[in-house]
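Think of it as A, B and C in the order they're written, each chain with its own count starting at 1.
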Amino acid sequence: MTSRLERITTYALLIAASAFALYPMGLILFSALQPDSVGGTGAFHFDNFETAWRVGHFGRYMANSILVAVVVVVVSATLSSLAGYAFGTMKFRGSSALFYLLLLGLMVPSEAIVIPLYYDLRGLGLTDTYAALILPQIAQSLAFGVFWMRQYFRSVPPEIVEAARMDGAGHGRVLWSILLPMGRPAIITMVLLVLMWTWNEFLLPLVMLPTNEGLRTAPLGLSFFKGQYTEGTSLLAAGAVLVALPIVVFYIFAQRHFIRGMLEGSVKG
Amino acid sequence: MTSRRTGWAGAATVAALLFASACAPGSDNKKDSDEPSSVKTDVAKMGKLTLTVWDQEVRGGQAEQIAALNKQFEDKYPNVTIKRVSRSFDDLRKTLRLAITDDKAPDVVQANNGRSDMGQFVKAGLLRSLEPYNKAYGWSDRYPESVRALASYTEDGKTFGAGNLYGLPQAGELVGLWYNKAKLSKHGIEVPTTLTDFEAALAKAKQAGETPIQFGNLDAWPGIHTYGFVQNQFVARDDIRNLGFGRKGASWTSAENEKAATTFADWVKKGYFTKDFNGLGYDPAWQDFAKGKGVFLPAGTWLLADLQKALGNDLGFALPPVGETGKQAVTGGTGLPFAITEASKHADAAGAYINFITSPEAMKLIAKAGNLPVTDVDSAGTTGAQKEVFDAWTKATEDDALVPYLDYATPNFYDLLTAQVQKLGSGSEEPKSFLDNLEKEYTSFTASNGG
Amino acid sequence: MADTVPQPPRAGRRQAGPPGEPRRIAYLYIAPALLVFGLFFLTPLLHAVWLSLYEWDGLSVGTWVGLDNYRLVLTDEALREPFVHALTLIVFFSIIPCALGLALASMITRSAVRGVNFFRTVLFLPQVVALVVVAVAWRQIFAPDGPLNDFLRTVGLGDVARGWLGDERYALICIGIVGIWVCTGLCVVLFLAGLSKVPRELYEAARLDGAGPIREFITISVPAVRGELAVALTLTLVAAMRTFDLVYVMTSGGPGTSSRVPAYEVWDRAINKGQVGVGVTVALILTAFILLCTVLINRLSESADS
């Protein structure tokens, strides 16, 4: 129905935009395959990845990152769904004030709270533990999670809930057996975003782990790696690829659901 | 509106609770002033203990020597376990400020010398004076005054470069002149020893189509080194020391300083520096030099191993040329000094540890791993650029030629100077206003500091 | 407090869904989230407010200065500049990506593009990778001998080539370009979601009325994505105002002070320079500003809804 010219323009623009999106990542991948030392020769040094993995202790750091990310995602998704359900479907005193209070979490730069947070956690004896990595990140993820799930629950036609309630289903049943299964795409989207942010978080683990090197996460490991190897950019690029790879793979794997999450009522239409 | 009120009431309650329990920040940082009556030096008799040490010796040869020394120390004293925490300079700076106030603070820390780090730690009473250990181990006999000054403060932290010793470094460093021997001989240039020679060499290199001085200032801090290199040609050593240590008695707007700033701007105009240096990173800049681009590279001795690997016998190192002052001056100092925290419960063991990793034997090991040891430098048995670096260090310390990094001066000076050198380099700040801005910060600090 | 105690649902009191819901049960659902959020976010935030009233180096005992830090931040020229830069970044992080995203999304929808999934996946990818990782690549792209200058020289624009990040006029714009790169994909995905809900008949009817692509865009597409636009604006605006990693890795705020932004200022003051009070105050003022923008956007979108 659209003209041929219009279609061609659309494709041309899309291809240009995709190239723009991919180029910097291609560049990192390309540097990662270059010889590491100044004056080295040859192409496609896949051994850079192996060297970076071994020398940078990325195995250990990845395991920490996975543990932290999984706990943060599971707990924050659960709490966000519960709270989002209340904010999205129920009317109660203080709901909008409490909602904006939670939204603060989206707006306050983490640089603002990381210092007081350090002193607070140190007072509780929690620095240098997984708890110091996990609990604040759950708190920060809740802001987005509740915002997101509230949008989803508000988009569900009230008749569905009403009908279920007429049939005698309790609040919990409605949430568990009707709304959550329906909202799978929205939930997967949230999980992916929170996972992404947690995986990429840098400042918080840096400050919260003053002495315990054993708990370092992958991006932190990358920074330490950067401080150690300045003679070439290839190993650093290889390390960067290693740190980014798991999350990119997960994204590509989950993107179908993720896109459906965006399509199906994550935002009130 | 009732809904709002409930929310705010809740928040107010939390706030009230918090304020009620609070007093001024930092007031719960305990300070126990149990100055030891006498220093114990026999570590073997101290019982089982663990020393936590924070260092930034993460790169190649540095990591090698510290790991070896730690192991030797543990082997010698089986009752001591060393818990080493290492991280890059940037990461160490970011975390040390927070951790040092903890009552479980590490025992030994590598702290940056300047006022914004070590100076503030001393002022807050978080580091121990090392004078008792200095006496017990006789460090003053081995460490020259100019080196000790770089880690000395008065007890109130106000005066830098004098007073008590608060840290002891392992390695030395100089911002000297790296050069490419192949290029010098190709263009018939001698290694310059005076400013006149150096400027002639730059002109010759430029005419031959070379980049005379490799310089990358995107990271901003290299500007401190390169500007200092130029300043050393014109300004008397004691003036630079007063400016660098943030002490009264000098001026950024002196005729000599004006000459330095004008010369720097002039070299930019003549195209002596790498084109677009403000947009080039530090690492790419020296990597380019290592690949054979550029004739000179004013930079630190810490690049020795990396440059030598790439350039081999073509690499040369010299002290900066002697300029209008007629006296050798070279920016430099030491690697980060090791200090003992006030919170340490094993201060005597920590003192013995610092003595161990800075002993003459340790210095040999440091040199063997390709680093520049701060004392007991022995260039016998070394060759090429390493020998040139070692000899330069010996000469600089013997001549009292070391001048401090300029950013040590005041807590804000790092930011100001780096930004100003970038602006001077891009031409958006004239030499006159460049110096006025530096002078303003320097005088307002020295006036309020009373030092 | 009595009326806020959550109570388990009782069979006899059950009613149909909203608006007749019993109110108290809602608190039971939000309690766990609020608890964690209160302990690990609000407490440190209030702690930050308290710190902003002190002059404190993070090491020794602080001195009470009341509102002096706020006065300083609001009047100091050097501290105002970063806020102006943040406003500039909004153009690059929010306005341009939203415009581009809207255009691309409606073109995709109109032309019923094949492989739309592929394009969506690729365009969103910049959001997935840590900024610390990609900033390294962008630094390389803008370098004096980098790909951007190589490209300019090949197309005969060698005179324009320069050390982009080292030029006071362009450093901030370079950060902004990375912002476009990061945020456009997010906007495209959000707007595609909004547009997919528009019934095809609406477009067909419009075309029967003789509407061109532009009119169709203004009368159908834009109103259809109003909700998504609010979300996209909120998220990108927050990203613009909070920019830190990019500046930290690419320019360290330079050359001079030409690319310093508030979040960088916070980090530099509070962690680097030992001016915890001032740093925290900058953060709180930034927060207030972001909060204001967010509430404004949401108000606008809600009033447009009704």
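Simple rule for what comes next: a contact is a pair of C-beta atoms (placed from the backbone, for glycine too) under 8 Å apart; a residue touches a chain by one contact, two chains touch by 3 or more.
Quick caveat, the model's predicted, so the values are computed rather than measured.
By C-beta pair count, the most extensively touching chains are A-C.
With respect to subunit C, maximal separation of chain centres occurs for B (centres as means of Cα atoms).
Centres computed as Cα averages put subunit A at a distance of 15 Å from subunit C.
With centres set at the average Cα position, the gap from subunit B to subunit C is 38 Å. Remark: subunit A and subunit B have CA centroids separated by 38 Å (rounded to whole angstrom). The set of subunit B residues touching two or more other chains comprises 6, 11, 25, 94, 98. For subunit C, the set of residues touching two or more other chains reads 42-43, 47, 50-51, 58, 271, 276. Within subunit A, contacts with two or more other chains are made by residues 93, 95, 98, 101, 115, 119, 223, 233.
The touching residues of subunit C, when paired with subunit B in their complex, are 4, 38, 42-43, 46-47, 49-51, 54, 56-64, 139, 142-144, 162-168, 251-257, 268, 271-274, 276. If you check the complex, the residues on subunit B that touch subunit A are 2-4, 6-8, 10-11, 25, 52, 54, 56, 58-59, 63, 83, 85, 87-91, 94-95, 98-99, 102, 106, 283, 287, 290-291, 306, 309-310. Here subunit C touches subunit A in the complex through residues 3, 9, 14-19, 21, 23-30, 32-34, 36-37, 39-45, 47-48, 50-51, 58, 100, 104, 107-108, 110-111, 113, 117, 119-134, 136-138, 140-141, 147, 181, 184-185, 189-190, 192-194, 196-197, 207, 213, 227-228, 231, 234, 238, 241-242, 244-245, 262-263, 266-267, 270-271, 276, 279-280, 283-284, 286-287, 290-291, 294-295, 305, going by the rule given at the top. Across the complex, subunit A meets subunit C through its residues 1-2, 6-7, 9-11, 13-14, 17-18, 20-25, 27-28, 31, 75, 79-80, 82-83, 85-87, 89-93, 95, 98, 100-109, 111-117, 119-120, 135-136, 138-140, 142-143, 146, 151, 158, 161-162, 165-166, 168, 170-171, 196, 199-200, 202-203, 219, 222-223, 233, 236-237, 240, 243-244, 247-248, 251-252, 255-256, 259, 262-263, 266-269. In the complex of the two chains, the subunit A residues touching subunit B come out as 37-39, 93-98, 101, 115, 118-119, 122, 206-207, 210-211, 213, 223-224, 226-233.
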